[in-house]
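Each structure below appears as structure tokens.
Below, subunit A partners subunit B and then partners subunit C, in two separate complexes.
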Partner chain A sequence: MSRTQRLGIAFSAFIAFAVGVITTLSLLLGDRPELYAEFAGAPAFARLMSLPAAIMVRLVAITSAVTIVIGISNLLYVHLGRVVRGAFFSIVMIASFALTIWWYWSKGGDTSLLAAVQVPIESALAALLFLSMVQGGARVLNKRADIWGLLFVTVLVVVLLGTVPIESLGPVRAWSDWLMEIPVSAGARAILLGIALGTVVTGVRVLLGQDRSYRG
Partner chain B sequence: MNDDDFNWLPQEEEQEAAQQSRRGLFRFLPRFRRGRGGAAASAPSEESSLSGRRGLFRLIPRFLRRARSAPTEATAADLALEMGERPVEQLDDRLLALRERAQSRPEQETVSPREALYDVDDVLVRPEIIHRPGGVISPLALSKAQQEQVELLRDMVGGTALPDDSQSEGGLLSRGKRLFSLGAIPHLLVSILMLLALALPFVATGFSEGELPPLAFHEDRHGTTTAFNMLDNLTLDDYVLLAFEYGPTAAGELDELADVILRHIFAQGSKAIIVSSNPITIVHARNVIAAIERSVAPVSTRLVENQDYYLLRFLSGGALGLRDLSRNFGSIVNTSARGMPTGLGFTSLDEMTLMVLIAERAEDVRHWAEQVATETDSDFIAATGYAAQPLAEPYVYAHEDIVGMFIGVRDAYTYNQILQANYADYELPPRREDPGTGDGESAPTPSPTPTATATATPTATPTPTATETPQPQATPTPTATPTEPEPELVQLAVAPAATATQIPSPVAEVIAQGPVNIRRRPNTASDILALAATGDIFPVLGENGDGSWINILLPDGIEAWIASFLVEQYIAPADGTGGGAPDGSARAGDGQTVLQFDFSLRLGKTRPRFYQANPPAQGDRAEFVLLRDGRQEEQRLDAMTLGTIAAVLVIVAGNVFYMMRALTRRRRASQGN
Partner chain C sequence: MAEGTIALLSFVLTLMVFSYVLGDLPLVGHLYRTAVYIFVGMSAAFAAIVAYESVILPYLQDIQNPETSWTALGNSTDVAIFLTALLFGLLLLMKPIASLSWLTNGALAVVIVVSAASAVVGGLSGTLIPLIVATAAVPDGLATDFQALTNTLLVFVGTVTALFYFQWQARRDDDGAPVQSPLSRGLRNVGKIFIVTALGAIYATTMLTALTILAERIGFVFQFGS
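And now, the complex of A and B:
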């Protein structure tokens, strides 16, 4: 790696670090005039402090919107290249894209294609997922016939039966509610705590230059 | 310029730095003067190899070649190469320890793949690796190395030999023969059983198992009763921020919730401001509203976008887009999904009476709770499906601003039952003779007869008093900026109309040389909503106190203001002659721009504040609740119940079978030993 490349990496890391710190400080200290109550121009100063974060967040939002345009363009570019080679599904994709555009413009902004095509297809896929999960649930003990597999299947059955609105299943519903309120809730909170800690760690790593997701 | 020119660090510090673990920002400092064995030593060789190339590369100046961009991605091979070229004393402490440990390990015997995968027989079963070309899934194209690995695994578990492609004959016929196999029969039976359980409630009677959801919410941990009461307490001209955060995949589950909540908002006379971080969902929300319109079309006029509801532009940027919504709400709420101004003058989320989130994923609930709910004092309601419930619940409990949560189609059923009971005392408006096309996107069609709503609510017809001012609403009007007082409106003299289609229309024609500014408020400091050309004609709603500004209606239904000295006002007859069109829209002369607007619909809706001296009472739009078609709801709930029971049966039966088989195998194994 040459010195120029090394300098470029250091420069991009410095930019990321500076922008990250400024945005973080702006989010923490901006729009909170109570922090500067002793100053005469506290509200104006608080607004000024929040300005960098507002600009950065707006820049991210705009950039993200532009990436959608780039993504669509790239999708069309790739599939048009495959159309030349005769890929059938690419032809279908390009034709669907053109049909949707034509339909919208010719029908005065009609969006019924979404309700007539997209929603049924995706709902059908979700239904297939349900069937697949049932098939998989029936084969849990095929691969792991031990106490843990048995515990998993038992909990699965109890929770499913707990959602069945039949009066005679009242005791099962009580067990299901207990499972949902205590173990499942605890697990969910643990997952959320893990996500929060992971987010903080990732943020610190980016700020310190350990994690270079920006490809510097 | 040579390497010594970049010698920032003294020799001692460089040695020390090289021996330190190169972590963090320090790793980016240039390491210079590493002529012996360092990574930099590889650069000249690489450069020399490049320089040795023929062609255009030789023409590039040396300093440009050295300034070439960094590699777009670093591969593991690159890193390994760099590590390998680095002197031992410069290795990271962890790598040094790892190296020493590796060197201290005794030489291990080479293990054959069969011995290394000694338990592969327990993991792989024969039917899963038998190659079946054709069928539902196309055969995979394997590389030579992959084919060798497959053959190795096949040999280890005794699978059948891979058929040679050259031996396959018959094309589609041979594929068709292998479409089904005995191994697929259990899967097929399970699928048929599940489909029967799900479909029977829709095609036959007598398959209603279990109880329907209760007719009232239990005040449980989800706070559903509180959430419903907050929606039920909405009043006229309250604004609700409604976040649609679900895609077509979850439409089957969450459309019911969205439908009842939207109907409730419309029935209360409130307005929904719909946002989403998914561009497709914005379109889907428009379809949901169109379906509501079709259901009430026999008795009600259509909902007007940017008047009864607002579809805002989609929020890009994921969680940061939501933060942008919190910080720049005034900017975002000003642009509709079609890129047009909405005319909303909000500056803060705090001006929302209520916020409702309908989310498919718990992650969306998390983002809204973290980025939006914490930034506003407005109350917040969440609605999710069953899958997102466990991970979404903690936020309902943790945030005091999140008052409650609705879950799935069962809560939607209960919600609708409560609504039907609450609105049972209201009468439906008379049936309209021409309900219109009912299509959500087609142009509005003027009604040849007085609309039912217009006759049912006399306030739809402008009163002839010239100085009547609108009555203040019980709730603050959110369209006004807090720092800017509401302009005093003075209604122009308009003759009362016998029917909606025969209303003489006060219009304002631009006589000044255009373009002329049309502003949101009656002052020159206000935002410019549009530009008008000379000859443009607009319907007039009123004027301010001193008559210096005219309140006009833009073609997309937005109220705006134009300076009175720029226009000429007159009454456009609506009899199809002269300056008026049969449908009540203004008609200009030759060469003039015509701005169509359907007065009959406008008056039928009684929406302009100008005409709301006697605003419609709450419940006047009960048709949105009473005309909800919930015939399939109970069938769907029955299908859910039967499907769940079938799933439990399949899971129990399958696992009992496999458990018995495993016990039998273990017993045989123990007997064999």
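And now, the complex of A and C:
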């Protein structure tokens, strides 16, 4: 590794650490005048504390919007290359993109294309998901014929039956309600806590420079 | 666009997507893929429109008015922030150029670190602390209501053991093979019951949502056809 590359890595790490610490402190301590209640001019100080985070978040929001445009430009570039070779689906994609942009600008921001094309395709794809999920549920029993597979499918069937509005299924509905209220609530809480813990730990690793994925 | 045209387009596109269930037949197989590529093109176009109109354009209009400044540091600061963001975008575009990596990595570092800081603060204040407080909270009148006491204990035990399930601890036996203690194995199995139950219920509710959408689409197709 050359000296310039090492300096570059050190520069990125320093920028990351400085920006990360300032933004985290500003997010935690900014816009909370109650923390500085004993000082004169607490609201103004709290606003000042929140300013670095506000600036950085806006900076990243605009950069993210620009990167979305760059990503879409790359998608179009790749498909335009295929259009030259006569790829039918790329022609469809480019035409669909161009038509949407043209429609939106020429009709003064009309979004009826969204209702006519985007929503039906999205809905139909979501509907197809049901068939895949039924198939997936059946495969659980085939591939994992153990106590856990059986428990998974039993809960699945109980919750599904619990939503059927038939009077004779009242006990199943009561059981389904209890499942949703106690074990499902506990399991979902643990999963959410696990996700939050993972997010916080990964975030702290990035902030401390232990995880430098931005080196690329 | 006229109502009739919207309905006709919806009908044709829904049938094109549903042609997926017929399998990879000649010509019919192309209908599904055509619908998906239309969807991709249109989604990309709307994403570009939203990115421009909801994020870039408001800031652009904001900096063109010298009287206003959201930072309270003056319009020139706003202009500097906007230009820095555009520069960052340009630097990210130049990421494949290896000789500029020290500069492009700096821009990427800022984006990742600010996102990480927001995630840490959001995860702590939005999920971790409220969930821990809710799990450890003791409802009123618990001493007299046996069922409420049992339910509260079950939720607490379920949450703790399910969290324990994600932690795999073992010691090595004389042959060097990892062995779990019976207590650890038991706690993990209890946690697994809660996790599998939660996943089954989440799967069921997702199926119900998909089934509702499927019923709506089939209803629409029949209504339009008649």
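What we mean here is this: the second predicted complex is superposed on the first by the 209 of 216 C-alpha atoms of A that agree within 3 Å, B and C clash if a C-alpha of one lies under 4 Å from a C-alpha of the other, contacts with A are read in each partner's own complex, and residues count from 1 in each chain.
Keep this in mind: a residue touches a chain if its C-beta (ideal position, glycine included) is under 8 Å from a C-beta of that chain, and two chains touch if they have at least 3 such contacts.
Please read all numbers here as calculations on a predicted model, not as lab measurements.
Asks: With both complexes overlaid on chain A, does A:131 touch subunit B (first), subunit C (second), both or neither?
Replies: Both partners.
Asks: After the superposition on A, what does A:70 contact: first (subunit B), second (subunit C), both or neither?
Replies: second
Asks: What is the contact status of A:118 with respect to subunit B (first) and subunit C (second): first, second, both, or neither?
Replies: both
Asks: For A:186, select first, second, both or neither according to whether it touches subunit B, subunit C, the two together, or no partner.
Replies: second
Asks: What is the contact status of A:210 with respect to subunit B (first) and subunit C (second): first, second, both, or neither?
Replies: first
Asks: Taking the superposition as given, does A:108 touch the first partner, subunit B, the second, subunit C, both, or neither?
Replies: A:108 contacts subunit B only, not subunit C.
Asks: Counting only touches as set out at the top, which of subunit B and subunit C does A:29 meet: first, second, both, neither?
Replies: After superposing on A, A:29 lies clear of both subunit B and subunit C.
Asks: Once the shared chain is lined up, is A:194 touching subunit B (first), subunit C (second), both, or neither of them?
Replies: Only subunit C is touched by A:194; subunit B is not.
Asks: Touch check for A:145: first (subunit B), second (subunit C), both, or neither?
Replies: Once the two structures are laid over each other on A, A:145 reaches subunit B alone.
Asks: For the three-chain arrangement built by superposition, which of subunit B and subunit C touches the greater number of subunit A residues?
Replies: Touched residues of subunit A are more numerous for C.
Asks: Residue by residue on subunit A, keep only those touching subunit B in one complex and subunit C in the other, then list them.
Replies: Common to the two interfaces on subunit A: residues 4-5, 7-9, 13, 17, 53-54, 57-58, 60-65, 68, 110, 112, 114-115, 118-119, 121-123, 125-126, 130-131, 134, 137, 153, 156, 160, 163, 180-181, 184-185, 187-189, 191-192, 195, 215.
Asks: Using the touch rule from the top, collect the residues of subunit A that touch subunit C in their complex.
Replies: 4-5, 7-9, 11-13, 15-17, 19-20, 23-24, 27-28, 47, 51, 53-70, 72, 75-76, 88-90, 92-97, 100-101, 104, 110, 112-131, 133-134, 137, 148, 151-156, 159-160, 163, 179-197, 199-200, 202-204, 206-207, 213-216
Asks: How about subunit B: which of its residues touch subunit A in the complex?
Replies: The touching residues are 3, 6, 23-25, 27-32, 39-40, 43, 47, 66-70, 72-73, 82, 123, 187, 190-191, 194, 209-213, 221, 247-252, 279-280, 283-284, 286-287, 315-318, 320-321, 323-324, 327-328, 338, 366, 386, 390-391, 393-394, 439, 441-443, 641, 643-645, 647-648, 650-655, 658-659, 661-663.
Asks: Which of the residues in subunit A end up touching subunit B in this complex?
Replies: Listed in rising order, the residues are 1-10, 13-14, 17, 50, 53-54, 57-58, 60-65, 68, 107-112, 114-115, 118-119, 121-123, 125-126, 130-131, 134-135, 137-143, 145, 150, 153, 156-157, 160-161, 163-167, 180-181, 184-185, 187-189, 191-192, 195, 208-210, 215.
Asks: Quick one: which bits of subunit C touch subunit A in the complex? Just the residue numbers, please.
Replies: Those residues of subunit C that touch subunit A are 1, 5-6, 9-11, 13-14, 17-18, 20-21, 30, 33-49, 51-52, 55-56, 59, 70-73, 81-82, 84-86, 88-89, 92-93, 95, 101-121, 123-124, 127-128, 131-132, 134-135, 151, 154-160, 162-163, 165-166, 191-211, 213-214, 216-218.
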